[in-house]
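In what comes next, chain A is part of two complexes: it sits with chain B in the first one and with chain C in the second one.
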Partner chain A sequence: MTIHVESRKQALRYFYAKIVEPMGYKFSPDNELVEFILEQEVNSEGKYGIPFCPCQPIRHNRGHDMKIVCPCIPFHRKHFDAMRRCWCGLFVQQDVTDPDSLPQLSAKEMGIE
Partner chain B sequence: MSESFFQAIRTSEIAPGGIRAIEINGRQLIICNAGGKFYALSGRCGHMNAPLERGTLDGTILTCPLHCAQFDIRNGEVLSGPVPMNFTSEGEISSPQTRYLGKVAELTERIHTESIATFGVKVEDGWILVAL
Partner chain C sequence: MEKVTMYTLSTCPWCRKTKKFFSDHNIPFEFTDYDLADEVTQSKINDEMDAAGADGFPFVMIGDKIIVGYQPDVYARLLGLDK
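Our next item is the complex of A and B:
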């Protein structure tokens, strides 16, 4: 199987936008970051068949791993809403224009857990 | 060999987002309507030959009904392979069914997913014509 990475990245953009926009998120304005993360997700699909978040560990435990399938916002909603971005920064809340200003802190550090 | 256009179906017979199976000269094809633009492709998945008319069309992305391999209907390019069947937790209880599915998964992982053939399309007098 030869998957054309650029085509698959476009397909992921298409599907993800439909999921995250109703939740109040959008792709980060940092397009270079978005392109890089999507490429890692295409690689993840090639390896596992699933576009896991490239910034979180795969533990080979279904209960855990299904919660890091991109876009994983619904599984970490309180945490991500507090940061106004998802963990890896692929998605930010729709009013965000400067993604670099947003903190990347664990749920514990944010006082959510 | 020059290609000829064959009448497939009327444009009114396929709604936007729809997929219709047709057979022309013994070839199983599908016609897709992506927002009013028509595409003709081979009717069988490039993974395990599943009938693609039973799949789903989202924009120009066609998803196979059997293992969810995805294709771009504009050029037939494979966008993603089948979803994994054996993604189970460590320590999960094994049963004859899960062992069987594990065996099937092991076999299907060896199958390459190929891009699917596309065919030229034109519309004349309300008919979708396919080039073969």
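Our next item is the complex of A and C:
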């Protein structure tokens, strides 16, 4: 099956917004980054049938991999809330206007287990 | 100059930024794209990342220091580029 990339990206934008807004997140204001990540996720859907995060490893272990299906915020809530962004930066907290100012630190480095 | 090695994903924009940082500063580095690696290599990378408590990519090693995530200020400090 051929996926129309641009229309699928628009669909993901629509669905993701419904999920992340109640959690206090929004799409990053860095639209170039958002477009790139969404394209990777559409490619992931084409390959695996699932829009995995493009910045975390697929380990072919269901317990692990289900925690990196976008939007994966609920599975990493303390970590992402502390960074004020998700790992790949697709989503940031709603009051963020300068996403480049946000750190990308591991949970361990942030003292979160 | 410390040896620079990194584990990355070909799909990850922060991994691309990391590679660009070292290229722009003419710092030689070796990298392995996890998603393009064979199963044995992926398993080895998983073990190293688990031991370091790493959640995602990029995973950069400068000498014996491990830096998880895109942290250009830390790369510069460890390589003495900030002096």
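Following the convention adopted for this analysis, the second predicted complex is superposed on the first by the 113 of 113 C-alpha atoms of A that agree within 3 Å, B and C clash if a C-alpha of one lies under 4 Å from a C-alpha of the other, contacts with A are read in each partner's own complex, and residues count from 1 in each chain.
Convention: a residue touches a chain if its C-beta (ideal position, glycine included) is under 8 Å from a C-beta of that chain, and two chains touch if they have at least 3 such contacts.
Note that the structure is a prediction, hence the values are computed from the model and not measured.
Chemist: If you stack the two complexes on chain A, which partner ends up touching A:4: first (chain B), second (chain C), both, or neither?
Modeler: After superposition on chain A, A:4 lies in contact with chain B alone.
Chemist: In the three-chain superposition, say which chain, chain B or chain C, touches more residues of chain A.
Modeler: Comparing touch counts on chain A for chain B and chain C gives C.
Chemist: Which partner does A:45 reach: the first (chain B), the second (chain C), both, or neither?
Modeler: First partner only.
Chemist: Check the residue A:105 against both partner chains and state whether it touches chain B (first), chain C (second), both, or neither.
Modeler: A:105 contacts chain C only, not chain B.
Chemist: Which residues of chain A touch chain C once you look at their complex with the stated criterion?
Modeler: 33, 36-37, 40, 43-44, 53-59, 76, 79, 87-89, 103-109
Chemist: In the complex, go through chain A and note every residue touching chain B.
Modeler: Checking each residue of chain A against chain B gives 1-4, 7-8, 11, 14-15, 45-46, 48-50, 60-63, 65.
Chemist: Could you pull out which chain B residues touch chain A in their complex?
Modeler: Interface residues on the chain B side: 58-59, 61, 70, 72, 77-84, 87-90, 92, 112-115.
Chemist: Considering only the defined contacts, which chain C positions touch chain A in the complex?
Modeler: Those in contact with chain A are residues 9, 11-15, 34-35, 42, 45-46, 49, 52-57, 68-71.
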